[in-house]
Every structure is written in structure tokens, then in C-alpha cells.
Amino acid sequence: MRYVFFIWLLLGATVTLPAATLRVGKGGNYPTIMTAIKAARNGDTVLVSAGTYREKNIIVDKRIVLKGTGYPVLDGEKKYEVLSIKADGVVVDGFRVVHSGVSSINDMGGIKIYDSRDVVIRNNILEDTFFGIYTQYGKNCTIENNRLTAYAKEEQQSGNGIHCWKSDSMHIIGNTISGHRDGIYFEFVTNSVIRRNTSFRNIRYGLHFMFSHNDTYLANHFERNGAGVAVMYSHGVKMYQNTFEENWGDAAYGLLLKEISDSHIEGNTFIKNTSGIYLEGASRIRVVKNQFRNNGWGLKIQASCMDIEVARNNFIGNTFDVGTNGSLVLNTFNGNYWDKYDGYDLNKDQVGDVPYRPVSMYSMIVEKNPPAMLLFRSFITSLLDKTEKVFPSLTPEGLKDNRPMMKKLF
Amino acid sequence: MIIASNVSKRFGKLQALNNVSVTCNKGECIALIGPNGSGKTTLIKSILGMVVPDSGFITFNGNNILHHWKYRSDIGYMPQIGRYPDNMRIADVLDMMKDIRGHKGAMDEELVAAFELDKLKHKRMRTLSGGTRQKVSACLAFLFNPEVLILDEPTAGLDPVASEILKEKIITEKKKGKLVMVTSHILSELDDLVTQVIYMQDGELRFHKSIEALRADTGHEKLSKAIAHVMLNTAL
Amino acid sequence: MKKIIKYVMADILRNRIVLVYLFFLLVASFSVFSLEDNSSKGLLSLLNIVLLVVPLISIIFSTIYVYNSAEFIELLVSQPLKRRTIWISLFVGLAGSLSLAFFVGVGIPVLLYEANLTGMMMIGVGLLLSIIFVAIAMLAAVRTRDKAKGIGVAIMLWVYFSILFDGLVLFLLFQLADYPLEKAMVGISALNPIDLSRILILLQLDVSAMMGYTGAIFKDFFGTTSGMVISLSVLLAWILLPVWLSVRNFNRKDL
């Protein structure tokens, strides 16, 4: 009974103090956003109409909804951090945030969340910001449907698109990020979800994970990033249905896995990457039902990996299906479809009767002597490959798929 | 008309032409005589520009022929062995030559008619006998009414009838005031034709005389006898 | 000039060997496209035909043709024609007919099944290789008087360009593995038209792998427009240089 009373009291309080809407700009009572925030109370809405606002650093320190209509422009004049959020439950919606300051000392962002929880940043457009949306010590924040575009040329002078540091339970959903250093950057971020984002043409990685455990990312699209996607020093990462496309270069990978363990990679598509997945020091990882198409190397597994299970994937049109640098094999390949497989299936169970060795001799040669790639597909190198098939000497004996599929799996 | 001055040519070890100088004029019919490998064909080819002399030069109507090619439109040449693209018909070859030469004046198709090539004109060149090919070669040499005729072993492989037709034709052309150069092994054929004799041996020009002078010198009426006389004498 | 080209081409196109060549290419192309389940794999099989068979047939057929046409050439030389005209006509006639055979035999199937950039590159490179090896054959033939020897030289040249050269380069690569050879490799590939052609196709077919380790250099060179222009110019030089040398030789040749 006391509880009911307490709830009535609470509801009554809200009724007696209704959330106010404070209007900024044309037709409003407040000329600047700062004055409106100053006047606002927790739970109020600050509605900003179209126009350009140059208010140096705007600090939101109350639990308010900051909403723009007609995409009002918040201009940092290349000197200031545009929007700093220092209260829980703040909502920032519908702004165009441009020209943040650039500073390598305090990581200036277009929008920066300081030590807050339940913040929502959505439907914003960020252009030419140093860091885009930056979170430190955030919890259960949502960053949704924002479009971030930067025009960085060098790694040193650019920040990340969506940057999360020491945060937990974040939701990064449906954002489009390009031209930053890393599209999305996670460091010490746990239990978070990255979903339906598109990250392309960023200078370094489309997505960069460091020491971030038990996160899931799914249905994202990473294209033409300087070095693809990197997941490092983490465990318990789940990657589903992402697309990794056209990440080209000396050290570019569709997906780079370094020192990562107990993770699951399923249903992803890797197209036209120099290496589809590159694994180094990785262990206990399941790579299943992925599509590897037209990559330079479908998979590159360094000898430092163990307990990698590669099963039921499609390997189609890759220059080399699998590359490796050692002869010790502690990983298993099972039931994959390899378009280069030329074995037979006498008992018609759709499984090839002879094992497939996905590592070709020439991929070993190129591994040792990269310029030899220039001779690929010449008569002499085809001859070498054919000889190797008859008398294996360079390729690791144990690396084979004992149950290669005769038909594409999906 | 054609003047060769000190022309020399070596093929490897073989001295094909050694300092040969010759003058040939309009209206002459010159027999080029000599044993096998004496340099007759090389001389002819030099005149045609097919062989480039190592030293010396050749002029045609006063112009050095080196690097020139237009003068050849005044020459009709019948090679020793005429070979033509295998897949062509006789008619194609004749048409092709007409096409290539782009000759403006009247065509002389007398020989084509005399040899009755019309009947064979749909035959492919590869199916022809050596004699028929020679006929084609002869026709081509005369076709464009050239001022100079160079005939290398014209009657070799021809049957007697054709041979006779060709000789008649040569005589007619000579009478028109053309310069004719003929090489032949069968000297008897040349009796009624030639006005001049050039005798070559080992790449050298041994003598260049009018037929009358030759007859007078050797006392033989027949060319074959006269030449045999000369050969015997030089051998001594 | 046009007239002679016309006659040479008519003669070659009536030649059974060229027809057999055309037919072989046609059968090979259609069969690789219909046997392989995806047509880009078919393109891969065609690559070997383009890089091995096309140069072989081009060089040997042209050499033999030039020798067999000795009398025809002699006939033409005795006519009021420039020697250069005769020789270039012969070249254009040969190159034209063999390119035509290639275009019909490989080009049309490729256009039907794989009309993309890779396919186009394959056709372009095949045409260039046909012409290049006609040019090389003509140089070999004009410099060697003896027919048997000439054909031998032609075969040796083919063996060199399609097999030995790559073997030597591979050997060198391993001998000099400690040196940065990427840039040198680009230069070395210009010394062999087959290699250069292969790389141009690789850049389409295996672009992802090519952009790997040595990516920077390839991107900077072959990947750019100017690199493409340079590569094509080098291939053109492989046509022009032998033709020019052979014309010079033919001008002085005794027939």
C-alpha cells in the first residue's frame, strides 16, 4: 500500500510539473542553445529550429531532449568540441554538426559523451569533425542512424568516427561512416552490439576492436577501408552476417584477427579482399557458413593459431583459398565447398571422396617471396603447382579438408 | 639506257660479280651467256634491284637505281622459276599484277591469247605445270608494254610450240625498238634473236660484242659454235 | 599498299591452316565456357590458350608463310614497288588475318559469355600478342636465309618467351631474395610481351591478390592510367621495333 502511494506521488509530481518545450532560434524565446539549456530543467525538450549556431562548446549537463528541426547546423569553427554531454539520459536528435576542433591532446569530438548512461544520439549528420561521436565511460548508450563524413588524408591528423572507450552495453546501429581514421573504434568496451552500420573509405580500419570482450556485431557492411576490419586482444566476439568488401593493400584484410579467442564468425561474406580473414595468434574460433569470393587469399592462417574450425564455408573464385606460413597445423577444415576441388564423388553423397588441400604450392612461394606474384599463372608456375600436387614437398601435409563438398553450400 | 659501272657482289665466299661494267641500249637484243654460276642471274637481279651490289652502281636512263623503284615500271621481267601464291587462279594473278602496277597505257595481251591462257584462267597456281607457269610469267613480262624486257631462261620448260610463239614475240618487240636481255642455255634458240652477246665467266665479263663481230672473230655462223670456240680458246 | 595487303590477306584466309586455327580456337573457347560451371573460370582456362597457343601459332605460321612466299616476294620486288611497302603489306596482311582468326575464335565467344572488363582485356591482349609474334616472326625470317633454320629460330623464340624467361626470372627472384626486387620486376616484365600481357590480365583476374604485398608498386604502376598507357606502349613497341628492324633488313636483303 505504501508503494502504491509512492507511485501516485511520483506520477502526481510529473503531472504537476509538466515537461516544458523550450524553443531556440526563429520564433523561439531563446536566441542560443546555451541559454535554453540553462533555463531548462530535467525532462524538458529543447527544440532548435534551422539555422547556423556558433556557440563554441555547448555543454548539456541536464537530462533533456535536444532536438533539431530542419537540421540546424552546430559549427565548431575548427576550434571547439561542438557538443559535450555530461548528464544521463540525454537525447540528441536531428543536428548537423560541422567543423569540430582538432586536438591530439584531448581528443575533440563532434559529439562527446562523458561518463553518462542511457544517452541517445540519433539522426545526426556530422561533417568534417575530428572524432565524430566519442564516448568515454558510457553505459547503455545508443548511437543510431547518424551519418559521419570526414575528409582526412593522413592517419595522424584524423580521429575515429564512432569512438567508444571504457564503455559497456552500447548500441551502435545503422550509422554510416566514412573518411575517418577508424570507422568504429572500441577499446575496453564490453557487452555491446554493433548492427547494420556501413563503414567505408576510412583511412585505417572500418571497425577496430581492442580489449573489448563479449561484443556482437552483425549485418554491417565494411568496404574499401585502408586495412579492413581489425579485432585484437579480445575474446567472446560474435560476428554474424557482415560483409567485408574490397579491402586492398599490403596490410589490408577483410577481417584481421589478432590474439583473439573463443569467438564465432558465421554467415559473413568476404568479397575481393587481399585476404578475406587473416588470423594471427588466434585460438578457439569457429568460422562457419561464410562466403569467400574473389579474394586474393580466402583465409590466411599463421602458424601461431590453434583450434580454428573452418566448416561449411563456400570458397569461390579466390586466387588462393588458404595461405599459411608454417607446416604445423592445429586447425581443422571440414565440409567446405572449394571451387578449385577437382576430385570425384563415386558414392554420390555430395562429399568428395579424396581430401582437398587448399594450400597451393605457389601460395607458399609467394608467402616467402612476394614479388613472385608477378609470375603467377605463367606456364612455369602452373607446372610447379601440378608437380606439387603429385609430390607434396612445400605445402603442409596436415592441412586438408577431408570432406570437401561437391556443390555450393548456399 | 642501262649502264652498269664496276659492279661487284659477293655471296659469302663466292664472288658472284667482279667489277662488271656493261652498257645496254635501246633496240638491242642482248644474249647473256655463260656457264652455270657465272653471274648472269646476279647481274639481272642487280639491274632489277633485287640484289644490292657491294660496290659500283647501275643507272637506268641516267638515274642511279639505288633506293629507287619507279624505274621498274619500265621493265618486264620473266624469272627463271616463276612461283605465285598457291591459292590464286591464273586470272587472279593477272588481275593482281594489273592492279599493283596501275598501268595507264594499253595492255599487251597478245601472249595471253597466243598461249590460250583464257581456257585455264580458273586453275589454281599450285595445280599448274612448270611450263604453264612459265607461260604466265612470260605473259606478265610483256603485259605492260615495257621498254625493257629481261628474260631469264625464258624457254626452259616450254613446249616447242610455246617456245616458238615466245621467240616470235621477242622479235616483234625488238623491232619496236625495245631493249631485250635474254639468258639461255640453249644457244641455238638465240640465233635469230640477238644483236649483241655478253659472255660471262666466274663473275667476270669476258666480252661484250655484236653478233656480227663475234661471227667474224670466230668464223662460225652459228652462235653455239661461236661460243664453243670462244670457250675452248679461253680454256687454253 | 592496300592492294598488296588485300592479296596477302585473301591468300592467307584461304589457307587451310588459318581456318583450322580459327576453328580450334572457336571449339576451345566454346567448350571451356560451356564445361566450366562459372564463366570466369572459363576465362581462366582461356588464359592459357591466349598466352601459349596464340604466340606459338602466330610465330610459326608467319615464319613458314614468309619462307613459302619467297617467290611471291621476289615477284613483287621486281615490280615497281617500294620494298618497304611490300614488307609492311606482308606484315599487315599476316597480322590482320591472324588477329581476325583470333577475334572470331576467341573474341566472339568471350563477348558472348564474359563481356566485362576482364574479357575485353583478354581480347585486347590476345590481339596484341598475335600481332607481336607476327612481327617477331618476320624479323626472324628476314634474318635467317635457311627455311629450316628460320623455323627453328621461331620455335626457340617461342620457348624462350613463354617458358624459359619465366623460369629464369623465378630463379633470379630466389637468388636475389634479399634485395627489394619489386620495382625491378616491373621493368623486367617489359622485356617479355607474354609476361606483360599476363600481368595485365592478372590485374583484372586476381586484382585482390595483386594488390597484396607488392600492391603499392602495382597500384602506382599498372593500376594507374599512365601505367596502363605505358604497358600498352611497351606492347606496341614490341610490334614496332621488330617490324622496323625487319624492314631495315629487308631493304638490304638480296633476293
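Letters A, B and C mark the chains as written, and numbering starts fresh at 1 in each.
Following the convention adopted for this analysis, contacts are C-beta pairs under 8 Å (C-beta built on N, C-alpha and C of every residue); 3 or more make two chains touch, one makes a residue touch a chain.
Treat the numbers as computed from the prediction; the structure is a model and nothing was measured.
Core chain by CA centroid proximity to the global CA centroid: C.
Of all chains, A has its CA centroid at the greatest distance from the CA centroid of subunit B. Mean C-alpha positions place subunit B and subunit C at a centre distance of 42 Å.
For the pair subunit A and subunit B, the distance between C-alpha centroids works out to 89 Å.
If you average the Cα atoms of subunit A and of subunit C, the two centres end up 47 Å apart.
Contact residues of subunit C toward subunit A in the complex are 38, 40-41, 44, 47-48, 51-52, 162-163, 166-167, 169-170, 173-174, 177, 181-182, 185-186, 189, 194-195, 198-199, 201-202, 205-216. Those residues of subunit A whose C-beta lies close enough to touch subunit C in the complex are 246, 248-250, 252, 272-275, 294-297, 316-320, 339, 366, 368-382.
Residue ranges on subunit C touching subunit B, taken from their complex, read 3-4, 7, 10-11, 14-15, 68-72, 74-83, 252, 254-255. Listing the residues of subunit B that touch subunit C in their complex gives 9, 11, 45, 48-52, 69-73, 75, 77, 79, 81-88, 96-97, 99-101.
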